[in-house]
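Input: structures, listed below.
Below are two complexes that have subunit A in common, paired first with subunit B and then with subunit C.
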Partner chain A sequence: MLEVKDLSVRYGDAHVITGVSFQAARGAITCILGPNGSGKTTLLRCITGLVSPASGRIMFDGQNLQGKKPHEIVRMGLIMIPEGRRLWPPLTVEENLKMGAYLVNEQARIDGQLSYVFDLFPHLGSRKNQLCGTLSGGELQMVAIGRGLMGFPRLLLLDEPSLGLAPLVVREVFRAVEKIVDAGTTVLLVEQNTQVALSVAVYGYILEIGSIALESDAASLRENSHVKEAYLGL
Partner chain B sequence: MISATSVVQSLLSGMAEGVNYSLYCLGLAFVFGIVRIINLAHGEFLVLGGYIAYWLLVKWGVNPLLALPLAAAMAGVAAFVSYRVFLQRIRTSSELNTLILTFGLGIFLANLYLQLWTADIRNIGVDWMEQPLSFFGIYVSVGEILTILISLAVVFGLYFFLTRSRTGMAIRVTAIDRDAAALAGINVERVDLVAFTIGGLLAGVGGPLLGMLAHISPGAGLHITVKAFILTVLAGVGSIPGLLVAGMILGVGEALTVTFINASYRELFGFALFIAILVIRPSGLFGRRL
Partner chain C sequence: MGNLTRAFVSERTAGCIVTGFVLALPFLLSFNPYYTSVFVSALILGAVAIAWNLLAGVCGQVSFGHAAFFGIGAYTSAVLVTKWGFSPYLGLVAGGVFGGLGSLIIGIPAFRLRGPYFALAILGFAEVMKLLALNLTWLTEGSLGIMNIAPLPPLEVGSLKIDFYASRTTNYYVVALLMFAVYLVVYFLRRSNLGLAMSAVHGDDETAAGIGVNVFRTKAIALTVSATCTGVMGAFYAHYVRFLSPDTAFDGYWSVMPIVASLFGGMSALIGPMAGALVITGLDEFVFKRFFETGHKLFFGLLLAVVIVWAPTGLLGNRVGKRSEGDKR
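== the complex of A and B ==
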């Protein structure tokens, strides 16, 4: 569904990403793992059009994303939940969610999707009129995912959804992600939490210093000695 | 002689003036808060609105109040063209560039007005609006009451536009977090253009009011821009209701200065206030929230 080929990104003279290629298969969770500063977030910002690549190609559903603006990419059904949630604190939960449906015109579809999000995260229902500035980290992440879902994504990019969350909350968030995939949305997951990511993904890539160091199906990555040592702490 | 009536009179006219100040500076504050451009041509956009009303009045006898929509529209067009043709190209470079560019634009417009409408000072008052009404010895003109109502309507109108409408919300969330807005599918570059144009519309509404209450001249714009800048700093960037309060403070302060000290210290009050705020509370009275 998403195919990235030989992608390179530079900030000035600094090569952040060099020659990265990977794919995200339809209907499944693909994960990209790697330590801080390996270029994961830059990679996602590039796919979503916030940063332009120096070279390489990004194909989404057979269409080249080159030169497309972020809002055009969103319209195609590729939606990112950014690292650190990036919600709008002065807005209520419901307002944040509804802004996620900015490009959706039919009120009925918006309402339907809103109740889907509240079904997925029953927690949020009672908080819908609360300002986002007053929520806990886990709730914020749920609103962030919900906001992404409001735009009817076909491919959802998740940037470090587990960041700063308690283990119990992480599990809750990932159960929801699995439900989203079951409902037909493809997910590309970028994580530092290797254990959780490999437990839900079918295929994984390891990004180190801006290049893909390793790729394999999730089961063999879990058994890989380099991954075990460097990422799982075993 | 200072009597209770003269105190009340100057408080009231100060508040009236203050509400109109809020309107005069609304466009500048709005554009600064949303697009992060300090539009030094703001005053010239406002004066353009005033001249449109002047033209309609002298050519066809149109009441300046009826000229408001056209005045706003023309200033809006001026802002749209300025942004589309010039500002958009240099948006991403250093902030100083937008400052220099809008300053130049202001000079150009002021001189254009000089060509079109001469250097004469114009008042576009209408007789029936200058009729004073008296309440217990306090005087207020029909025009003052009308302009206050219009100013309040525009300020609150903008507030409701930003908090209730789809486009308004898009503008607001773009100002809060630009990337997050882009990722929600909002065309953030378009938001910049729309916001800058709205800034022009808002300035355009102020022009006829200024022409009715005082006067307009080709060089009046810079004066307005400076005042708008003082108010924006006083209110704190991004606070629209705060602008009303800041406008009142400036208006009342000026009126009291005129009544109790000397009319020639009037402008000094504004600048003293400006410096005091920068020293004591640089984020303004009402912080930064939108």
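== the complex of A and C ==
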């Protein structure tokens, strides 16, 4: 569904990503793992058009994303949930969710998707009139994912959804992500929490200092000695 | 938040109250026509401040150089009317159009910058425009200025003749009408889908892009509408004062005072800047000038400091808009 080939990104003279290639298969979770500063977030920002690549090609559903503006990419069904949630604190939960449907014109579709999000995160239903500035980290992450879903994504990019969450909440969020995939949305997951990411993903890539160091299906990554040592601490 | 008895009104109610006050003001001030002309200036300032606040308060892009669009509007109309004999009414329209076009010239490159850098780019643009007005003497008469600019001619509707220059009071009501028109433009724009996009950009422009908002276009529209309204007010100013020089038309006053008025009145309410303009003009006229004939403008600085420390959301800031559940606690 998403195919990235030989992608390089530079900030001025600093080479952040050099020659990265990977694929995200339709209807599954693909994960990209890596330590701080390895270029994970830059990679996502590049796919969503917020940063333009120095070279390389990004294909989404057979279409080249080169030169496309962020809002055009969103319109194509590729939506990112940014790291650190980035909601609008003065808006309520429901308003934040509805903002996610900015490009959707039919009220019936918006209402339908809204009840789907509240089914997915029952927690949010009881808090829908609460200001987002007053929510806990886990609830914020749920609203952020919900807001992404409101735009009817075909491919959802998740940037470190586990960041700053308690293990129990991380499990809840990832159960929801699995349900989202079951409902037909493809997910590209970028994580530092290797253990959780590999337990839900089908295929994984390890990004180190801006290039892919290792790639394999999730099960063999879990058994890989380098991954075990450096990431799982086993 | 504490104060439970705090008055809380909708934007529409606040707009009606302030407009009602504006309409009643000439009667309150009828003892001295001088004060009426003071408040004509206050309304011009208020309208520019409302327009400035569309860009800053709604869309989140602060400009330090609205004098550029004010001066462009003023000079456009003055030149068209005095040199080519256009009707001053067409001059108002042309002033708005050129103010808007001028904003695109600086806006398209400047929106690559963010926050203070964007604000400073516009400040630089205002200075460049002032220098152009000084040096393009064949068009603007340079530092001599343009004199004897025609006032707005009387309007004749059937047998009814409305002469705006019959008295200061009619003049006052023309500018009140313009101010209200600017307010309505901003009011309906914020209620539209585009206004929603502007609020999203204000909150976080990357997230706005993430839900499919065309960030550049949204900012450009906010700037252009804001500059167009400012240009119309500048054109009105030219026909009201009837004399223009680069120093008055591009005066830093038109860049700074809309900001002071907006901060004072409250940026989250669309009518806030207008209320701010009225109050600071009133304070200046009836209090500061009484006690300190020279240097009374120093008090604007003090006033601003007081507002920022004790009421950072301004006079109307937290009192206008929607109440949400989180507020009740």
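A few notes on this one:
The definition used in the following text is that the second predicted complex is superposed on the first by the 234 of 234 C-alpha atoms of A that agree within 3 Å, B and C clash if a C-alpha of one lies under 4 Å from a C-alpha of the other, contacts with A are read in each partner's own complex, and residues count from 1 in each chain.
Convention: a residue touches a chain if its C-beta (ideal position, glycine included) is under 8 Å from a C-beta of that chain, and two chains touch if they have at least 3 such contacts.
What you see is a predicted model, and the numbers here were worked out from it, not measured in a lab.
Partners subunit B and subunit C clash in the overlay (superposition on subunit A). In the superposition on chain A, A:T92 makes contact with subunit C only, while subunit B stays out of contact range.
Contact with both subunit B and subunit C is seen for A:G151 once the two complexes are overlaid on the shared chain. When the two structures are aligned on the shared chain, A:P82 is found in touch with subunit B and with subunit C. In the superposed model, A:Y102 makes contact with both subunit B and subunit C. In the superposition on chain A, A:K69 contacts both subunit B and subunit C. Once the two complexes are overlaid on chain A, the subunit A residues touched by subunit B in the first and by subunit C in the second are 48-50, 69-71, 74-75, 79-80, 82, 86-88, 90-91, 99-100, 102-103, 147, 151.
Taken in their complex, subunit A has these residues touching subunit B: 48-50, 69-71, 74-75, 79-80, 82, 86-91, 95, 99-100, 102-103, 147, 151.
Interface residues of subunit A facing subunit C in the complex, by the touch rule stated above, are 48-50, 69-71, 74-75, 79-80, 82, 86-88, 90-92, 99-100, 102-103, 129-131, 133-134, 147-148, 151.
Listing the residues of subunit B that touch subunit A in their complex gives 166, 169-170, 172-173, 176-177, 179-180, 182-189, 289-290. Against subunit A, in their complex, subunit C makes its touches with residues 196-197, 199-200, 203-204, 206-207, 209-216, 324-327.
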